[in-house]
Amino acid sequence: MVDLKVKVHNLEFKNPITLASGTCGFAREMADFFDPAIVGGFFLKGSTLKNRDGNEYPRMAETPSGMLNAVGLQNKGIDYFIENIYPEIKDYDTQLIINVNGSTVEDYIALTEKVNELDKIRGIELNISCPNVKEGGMAFGVSCPGAEMVTREVRKVYDKTLIVKLSPNVTDISEIARAVEGQGADAVSLVNTFLGMAIDAETRKPKLSTITGGLSGPAIKPIALRMVWQVANAVKIPVVGMGGIMNAADAIEFMLAGASVVQIGTAVFKDPTLPVQIINELEDYMLRHKVQSVNDLIGELQI
Amino acid sequence: MVDLKVKVHNLEFKNPITLASGTCGFAREMADFFDPAIVGGFFLKGSTLKNRDGNEYPRMAETPSGMLNAVGLQNKGIDYFIENIYPEIKDYDTQLIINVNGSTVEDYIALTEKVNELDKIRGIELNISCPNVKEGGMAFGVSCPGAEMVTREVRKVYDKTLIVKLSPNVTDISEIARAVEGQGADAVSLVNTFLGMAIDAETRKPKLSTITGGLSGPAIKPIALRMVWQVANAVKIPVVGMGGIMNAADAIEFMLAGASVVQIGTAVFKDPTLPVQIINELEDYMLRHKVQSVNDLIGELQI
Amino acid sequence: MAKKFVADFVVVDNKPLNATNFLIKARSNSVLPTILPGQFVNVEINDAKEIFLRRPFSVFEVDYNQNTISMIVKILGRGSKKLTEIEAGCNISLVYPLGKSFTYPAATDKVLLIGGGSGVAPMLFLAKESGLDKTQVDILLGARTKEDHIDVESYSKYANLHYATEDGSLGEKGFVTQHSVFVNDLNKYDKIYACGPDGMMRAIAKVAKAADVFCEVSLENLMACGFGVCLCCIEPTNKGNLCVCTDGPVFNINELKW
Amino acid sequence: MAKKFVADFVVVDNKPLNATNFLIKARSNSVLPTILPGQFVNVEINDAKEIFLRRPFSVFEVDYNQNTISMIVKILGRGSKKLTEIEAGCNISLVYPLGKSFTYPAATDKVLLIGGGSGVAPMLFLAKESGLDKTQVDILLGARTKEDHIDVESYSKYANLHYATEDGSLGEKGFVTQHSVFVNDLNKYDKIYACGPDGMMRAIAKVAKAADVFCEVSLENLMACGFGVCLCCIEPTNKGNLCVCTDGPVFNINELKW
C-alpha cells in the first residue's frame, strides 16, 4: 500500500485531494454523492461576518475550457454557519477548513475570532483574492502591504493553521507569497480565479451582471501550475495548489511543481465524484511508479 | 456595403482583421494560403538586432484550449530581414508592422533606427512583453518605469506609428498602458502570452525546454478581453486587441470591448485561412446588425 | 439531503418530435431512485469542442421497469444541438435526480398545466403522475406555430388538451396567457403549474397572482453545477437569493420577486 | 513558396491494419496538387474535447484519379486514437501538402528504405513512386513483434521486403540496425531513406554517417502550425535551427547535429 498522508503545518490530511472553496458548498452538498471521509478535506464556501446576497444574476458564463463566475461571496454570515451548518458537518471524518473573507481588516479579525471557537475547524483559508467583491477581497491580495497587513492582524488572533489564499492577478506572485510568509502565514494556497470577462456579440452586452468575473477551470491550469512552481521555490511554508485540476495527472503535476495538497474546484461541476476518482488514480499512479509516500512527489519535478 | 476601414493613429487598415506577431511568420508563409491583400495587415515575426537561435527544443506543449510556446524570438536579425525578406513582401497591398525586440534599450533604439528606413513598414510594434527570453522582453513590460523608458527612447528616434505591446502578466495593465501613452506611444496592443507551464506527470519533467512558456489561444480569451476593456477605458490612444480570437464573434467582442484592430494569433495554426473567413463573417454580422462602419462597433459594449 | 448520482446511461432512443425537439431516452445499469415531475438531470455533452459544462434538462418520463429516463431536448445552442445528434447505443453521463418537484395536487383539485416549448416535458410528466382524473386536468400548450408543437395526443387520456399558437395554426391564436382557458376560467382551478420561457412564466405569474390562484412555475436559470454548490443559478425570493437547482427549479410565484 | 490548402475531405475508408495502425483514406472535392513521398498533411481531430491543435501525418498514398489521400495512423495518444475512430462519410479537415519530399533516387541507384512503426507509410510511398526496378530497392521494416507489423506484401512488386522484430517473431530478431541488410550490405546502397522513431533514426544516421552513405531521414518533431510560422518544430542543423515542417521533415543526415 502507498501512503497518501500529508501535512500542511499542523493539519494532517489523510490524502492530498481536497475540495476548493466555493465549489463544494459546505461539504454536505457533496455528501449527497460520496462519503466525505474519503477525501483529504473541504475548503468550505467563503464566509463573511454578515449575510451577503452576492451579485445579481447572471453570475456565470461558460468559456473555452473554463467558466467565469461572479457569485460575489453569497453566504448567510458566520453566525448562521455556526448555528446551522457547523453542527451538521463537524463530525465528518476529514479536515474542514473555513474560507474567511472581509471588506476590512476588522471584518477578517472578527470573523477569525468566531471561527477560533470552532473545535473541528482546525484551519482557516484567508481569502484575500476574491475578484468578485467591490470592497476588500482581491484588493488586499494584489499588493504586498495589503496582504501583509491582513495576514499580520489575523495571525495575532489565530493560533491554528493559517493558510493565505493568493490572487493570480499580480505581476509577481512569489513576492506576495513571501510577504505573507513573513507575517506568519503557515501555508499559502493558490490560485484563486483570474479576472476575466465575456461579451455576447449578438446582444453586445456583458454576459455577467458584474461585467467582469473570475475565470476557473482547465483553461487556467498552465498559469496556475507555473505560479505554484514559482511560489514553492520562493517560500519555505507548504503550498496548497489549485487551478483547473480535472484528473489525477493534473493533481500530480501540481504536486511535482511543489503543492503539498491540491484542491479540486470547478471540475466537480462536471463530475461531483471526481475527487474520489482522483484519489484512486493517484494510488494507481504511485503503485505504478513505485512511489511510497505522496511526500516523495511534492516538488519532485525533474529539471 | 459596409465600411471596414479603421485607423490606428496614422495607419489605415482596410479592415480590422490582422495577423499577430510570431504566428504569421513574415507574411509570405500566409501567402501560400491566401492573398495577403485581403487582410488588414500583418504584425511580422519578432525581430532582433542580431541573429537569435531561440530556445532549445521542445518549444511547445498543447494545453486545454490553448498552447504554450517557448520559441524565444528565433530570427535571423534585422539585417537579414532587410536584405532578404523585406524586398519580397514590401509590395503586399496591406499594412506590414514590424515587431521589435531588444535585450537592452540600446538594442531597441538601434533596431528602430534601421526599421525607420523601410518605406513600406509604416509602424512598429514595440514588444516589451515576450515571456520567453532571458534578458529584456517581459522585464521591461511588467513595470511602469521599464515600459516608460523603452517607449520614451524609441519614440525619440521614430516618427511613424509606434504601437507598444503589453504583457498581461501584471497586476494592473491599465497603469502600464497609461505609462506608455504618457511617453508618446501612438497605440497599445495587448495581450502577449501569459507565463505558464506544463509538466508530463509520467516522466515528471517539464514539457518545455525552458520550463515555463507563453500561453495563448482561446483559453486566455476571457482574461485578454477583460484587459482590452480595462485599457480601452484607461487610455485615449487606440487599442489593438488579441488573445484567443477564433472566429468573428470573438473579434467583435474585442472590438466592442474597445479594440480598433484585432490580431489573429494561435488560431491560424488551426486554420491558416481563418483571417479571411473572419473578415467575411464580420461583414455578414455588420449587415445583419445594420452597422455601417466598424468604427460603430469599437467600444460599443452596452452596459 | 437526498442521495444523488453520477452515472453513464446508455441511450436507447433518440427521435425527433419536430424540427427542433428530440426525445432522448437513456437506460441506467442501476436501479433508479424515485424521480418526480419538475426534477431534472444534468447531462454531459460528449465530444463537443468548447463545451465545458453539463446542460440541465427536465425529466419527461421515468420507467422504473426499464430503468430509463427520458427528456425532451430542444435545440437552442451548441450543446443542445450536439446532444440531439447522439446515437442509440452511446453512453451519456447524467447527474441525477436534481431539484425539487412540483407540489402534488390534492385528490380533489382542479389543475391547469401550462407548457411552453420544451417546457411541456415536466407538464406531461406531472399530468401522468398527478393521480387525478382526466376531468380535473387541463393542459395548455403554447408554441409559435403548429409545426413547433409536439404531438401529445397520447396524453389526452390524462388531461384535456388545449393549444395556443402565435399564428393560429393550431388551437387558439395568441400567447397562452391570451387563451380562453387561461383568460376566462382561471379561478376554477385550484392549482396552476407552468414551465416554459422566462417571459411566459412571468406573464402567467402576473395574472395568477392577481387572481390569487396557487401557481408554481419552473425556472431555467443558467447553471454551472446543478447541485447547489456554485450559487450561480440564483433567483431573488422573499427568503433571499435561492438556488434554482436545489431550492427550485419549481417555485411558488408568491415566493418570487416578480 | 508553393501553394497550400485547407479543405474538408470526406473519409472514404478507415480500416485497421493491425491492433494499433489504421489506414485512413479521404477524398477531396478539388483536384489535388502534386504530393510527393515525405510530405505530410496536418489533420484536424473532430469533436475531441481538449485537443486543440492539428496532428501531422505523412502521406501514404495519393490517387489523383479518385482525388484521395491516404495515411497510416498509429494510436499514440488521444488525438491519434480519436482519429482512428472516424467513420467513412465523415468530414475531415486537412492542411496540405506540407513539407519537403525525399530526394528522388537517380535511375541507376540502389536504395534501402527503412521504416519503423507508422514510419512505413512514406517508405512505401517512396518505393512505389521511385520509378526504380524492384531489384534496385530493398525495404527493411522494423517492429516489436510480428503483430506490430503491417501487411505490406503487395509492395513486393516494387521492392524486396525484409523484416526485423525485437522478439524474432517475423524476419530477423533485433532492431533494424542489427538486421543483415543493414549491417552487412550498407555500402552497396547509393541512398538510404528512413522514417520512424527518433531513436531509430539516430541509430541509422550514426552508422550511415560512419559508412559515408547518402542518407535521408524523416523527423517527427512536435508541431504547432505545420507551415513554418510558429518555429516550434525546430531541429538544430549546420544552417542553424531549421523548421522540420518546411525545411524538412526530410533531412540529409549530414545537415543534422546528431
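Residue numbering begins at 1 within each chain, and the chains themselves are lettered A, B, C and D in the order written.
FYI, a residue touches a chain if its C-beta (ideal position, glycine included) is under 8 Å from a C-beta of that chain, and two chains touch if they have at least 3 such contacts.
Chain identities (UniProt): A, B = Dihydroorotate dehydrogenase; C, D = Dihydroorotate dehydrogenase electron transfer subunit.
If you're wondering where the values come from, they're calculated on a predicted model, not measured in any experiment.
*Asks:* So which chains are sitting against chain A and chain B at once?
*Replies:* Common neighbours, chain A/chain B: none found.
*Asks:* Please flag the chain sitting at the greatest distance from chain A, going by CA centroids.
*Replies:* Farthest from chain A by mean C-alpha position: D.
*Asks:* Cα centroid separation between chain C and chain D, in whole Å?
*Replies:* So the centroids are 55 Å from each other.
*Asks:* I'd like to verify one number: the distance from the centre of chain B to the centre of chain C, where each centre is the average of its C-alpha atoms, in whole angstrom.
*Replies:* 48
*Asks:* Suppose each chain is reduced to the average of its Cα coordinates; what separation in Å results between chain A and chain C?
*Replies:* Taking the average C-alpha coordinate of chain A and of chain C, the gap between them is 36 Å.
*Asks:* Counting only residues that touch at least 2 other chains, which ones in chain D make the list?
*Replies:* Expected reply: 50.
*Asks:* Spell out, as numbers or ranges, the residues of chain B touching 2 or more other chains.
*Replies:* Counting only residues that touch two or more other chains, chain B contributes 63-66, 217-218.
*Asks:* Chain adjacency by touch: line, ring, star, complete or other shape?
*Replies:* Here the contact pattern is a ring, one closed loop where every chain has two partners.
*Asks:* Could you please write down every pair of chains that are in touch?
*Replies:* A-B, A-C, B-D, C-D
*Asks:* Tell me, which parts of chain C touch chain D in their complex?
*Replies:* My answer: residues 47-49.
*Asks:* Help me check something: in the complex, which residues belonging to chain A touch chain C?
*Replies:* Answer in residue numbers: 22-25, 28-33, 45, 51, 53-54, 57-60, 62-67, 69, 71, 74, 217-218, 266, 268-273.
*Asks:* Mind pulling up the chain D residues that touch chain B in the complex?
*Replies:* The touching residues are 1-6, 44, 50-54, 93, 95, 221-236, 240-241, 246.
*Asks:* Hey, which residues of chain B end up touching chain A in the complex?
*Replies:* So the residues of chain B in touch with chain A come to 63-66, 68, 142-143, 169-172, 194-199, 201-206, 211-212, 215, 217-223, 225-226, 229, 244, 246, 248-250, 252-253, 256-257, 285, 300-303.
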